[in-house]
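Scrolling down, you'll hit the structures one after another.
The two complexes that follow have chain A in common; it is paired with chain B in the first and with chain C in the second.
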Partner chain A sequence: MNPIALTWVLVGKDLKIEYRSRQAYLTTVFFALLILVIFNFAFDPGSPATREAAPGILWVALLFPGIIRLNRSFQVEMEEGTLYGLILSPADRGVLFLGKFLANWFLLIVVDLLVLLAFVIVYNFSFSVQLLWIALLIVLSALGFSAVGTLLGAMVSTIRTREVMLPVLLFPIILPIILPAVNGTQEILLAQEIQSLGRSVELLVAFDVIYLAAGFVLFDYVVAD
Partner chain B sequence: MPDPSVPLLRLSKVTKRFGVIRAVWNVDLEVSQGDSLAIFGPNGAGKTTLLRIIASLTQPTSGEIEFAFKGDNQSRNRVGYVSHLSLLYNELTGFENLLFYARLYDIQEAHDRAAEMLAKMGLEGARNQRTGEYSRGMKQRLTLARALLHEPQLLLLDEPYTGLDQHGSRLFTEVLRGLKQEGRTILLVTHNLGEGLELCDRVMIQNRGELVFQARGEHLDKSGFEKLYFQAVEEGGER
Partner chain C sequence: MIPLYFLMVLALYGAFLYAPTEREMGEVQRIFYFHVGAAWNCFLAFFGVFLGGVGYLITRKQSWDHLAASCTEVGVVFTTIVLVTGPIWARPIWNTWWPWGDPRVMTTMVLWLIYVAYLMLRSSLPEGETKYKYCAVFGIIGFLDVPIVWFSIRWWRTIHPVVITSSGAELEPEMIHALFVAVIAMTVLCVTLVMLRMAMRLNSSMAEEVTDAVQRV
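So, the complex of A and B:
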């Protein structure tokens, strides 16, 4: 089977499992909504301080639930040892990574866009074309997040403290994508004029390429033992 | 096809350490085409680690492993692995699981092959049932079907009887006996002496990582093997 077809077989398998279980998906969305609501109570609604903190709050609500998604992704593979089933197969390990990464990326984007929708409602921002720019930042940051998360998720999948280890390892590594994403969001939501958004997008794309290439190459070593 | 004069699998001085723990120690082993070999040993003897090394799920600390079939992908294509974990997705049906693995192994006519293996294991009736709803015995038969999808030359079985009731064990043994008659090479790791002796022509005992005893079926007094086993394990324990 050619690598592209095999990648889609792997993606299809993960999406089917996620659709049928739904449990982790709902938990992830609910956790994100909870973060938005709690922060909304913590600040005075409608105050300038809340609006200024809003971009940060949005990214907290996007990143922490994302960890649940990544943990779930490899939890499924460890329940019955299916990760070993994948590793034992003659399929190229880079392709195994791509399949897992694409499924994680897709599922993360869906959750993140729902969170963005809830954010606009809870924090009383208007629905405008500018939200499409935030959606772009979300899609790009979710790519890097999923690439590093898939690699690290495989790495910590066999250890007992994986739920804790994954964020501890992941967040420092993805700082280069969190910072431009938050800065870009701040500019879109708060600035009178958009000037440096292009720079944030460039940074995100550059780090996405690096993380994706690293994941593709290193996955073989990560699962080798 | 491998050269019959060359062993299908050869391990030379294979050792695996986890920190200070010696899981597998200095193991020399040859397995020929058509062999059925049982490795017995108590818990923690290193049997599973040895099998994982052969399956290339873990790398040995030292020593060499040679397959008659060359190349990493070749060996992965020629080895089937069954463990006490099913390696099946609970949310997928029996058929979907087999179809997924058939595609992973690039098997032509994947649909037909998956259906054929379900029928062979007597699971046609449960084709569209999620494997999470299977009984332990059904799941283990499906596991075997998964391991045999790509017609491996070497079948590795790690404690395959774990959790099976008597009926399930008997069914499973019948399937394995059929495979043995087909001439498949079987390497079974278990602490269930009865099942292992019934099925295999060669037996070995592993204790504290080392292979401390080996014999061929024709030279083996099966009725006295239990005594011999405990003797070998206790002697190993005193080292």
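So, the complex of A and C:
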């Protein structure tokens, strides 16, 4: 089987698992919505201050459910010992990484776009073409997030305290992705004119490439046993 | 050990007695000598973590892991020194404990978070090859992340004083001497601490081997 077809088999497997156990996936989405609502109560609802903080709130609501998503990605592999099956299979380790990464990326984007939709409604922003730019920032940051997250997720999957270890390891590392994403979102939603959005997108793309390459190379050492 | 004591006393003398009081900032500026000395050693120590990680993944020899682990511990201590001395100076001078917009402050903070996370990962994994491998991988990513964090924060504006520029240092000669001695003293301290921790790790793994051998008999 050629590597590309093999990657798609792996992606298909993960998507099928999530489709059949929709419960867990929907809980993640629900959790994200909860964050949006809680922040709206933590600040004065509908006040200008809340509006100012809205881009930051959106990214908190995108990042924390992302952690749950990544934890689950390897949890399902551990439960039935399928990870060992995958490692023992003749598939290349790089293909394993790409399969897990692509599935995580796709599943994250779907959650994130649903959160964005809810965010626009709850925080009273208008539906305009500019939202497509935020969607682009989301897609790009989800890429780096899942690249590093897939690598670290595989690493912590054997640790007893993995639920808390993953964010502790992941958040400091992916801070360079969070910064341009939040700044870009701020500019799109709040600024009078757009100046440095292009720069944010450039930085995101550059960091994504680095993280993806690092994940691809280092994954080999993480799962080789 | 003796040269280290000598150097530390010399560095203290240089910073507190030899160097003149800065005209604008006053006495608080004297913290600068140890702040800079510690900051440089953070990078040195974390480079050691990176080196240890790469060395371990290539050779699979435990001594490389000893190096990485010891460098992380010492590096975190030095980063903590930087993060404690920085605000003490910044409060009277910049009128803020923590300037969020500054790339150096932010990068140092992220560095601290990354390597404290490394220590947490270490302590939550059971002893063995898997642990060394995972720590090596995380140490490598952490170090690669440093320049990326830096660039990401750079396009926020910076207020950190750039003391040493390409045109030379803008300091009194006595200040440069004091800084020089402080940096050397801190570097020797850093290397000594790393070596002590490595020796300790080596001894404890040897002790374990002996215990195992005795139990088998």
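In this section, the second predicted complex is superposed on the first by the 224 of 225 C-alpha atoms of A that agree within 3 Å, B and C clash if a C-alpha of one lies under 4 Å from a C-alpha of the other, contacts with A are read in each partner's own complex, and residues count from 1 in each chain.
FYI, contacts are C-beta pairs under 8 Å (C-beta built on N, C-alpha and C of every residue); 3 or more make two chains touch, one makes a residue touch a chain.
Being a predicted model, the structure only gives us computed values, none of them experimental.
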Taking the superposition as given, does A:Leu36 touch the first partner, chain B, the second, chain C, both, or neither? neither
Is A:Ile134 in contact with chain B, with chain C, with both, or with neither (first, second, both, neither)? neither
Is A:Ile188 touching anything from chain B or chain C once the two structures are fitted on A? First, second, both or neither. neither
Just chain B (first), just chain C (second), both, or neither: which does A:Leu116 touch? neither
Taking the superposition as given, does A:Pro90 touch the first partner, chain B, the second, chain C, both, or neither? first
Looking only at contacts as defined up top, I'd like to know whether chain B or chain C touches more of chain A. C
Have a look at where A:Leu62 lands relative to chain B and chain C in the superposition and call it first, second, both or neither. neither
Using the superposition described at the top, list the residues of chain A that contact chain B and also contact chain C. 225
Where on chain A is chain C touching in the complex? 148, 151-152, 155-156, 158-161, 165, 168-169, 171-173, 175-177, 179-180, 196, 199, 203, 207, 210, 214, 218, 221-222, 225
Can you list the chain A residues touching chain B in their complex? 1, 6, 9, 13, 16-17, 20-21, 76, 79-82, 84-91, 224-225
Residues of chain C that touch chain A when the two form their complex: 57, 110, 113-114, 117, 120-121, 124-125, 130, 133-134, 136-138, 140-142, 144-145, 148-149, 151-153, 155
Please name which positions on chain B make contact with chain A in the complex. 55-59, 73, 76-77, 79, 81, 83, 85-92, 96, 100-101, 103-106, 130, 146
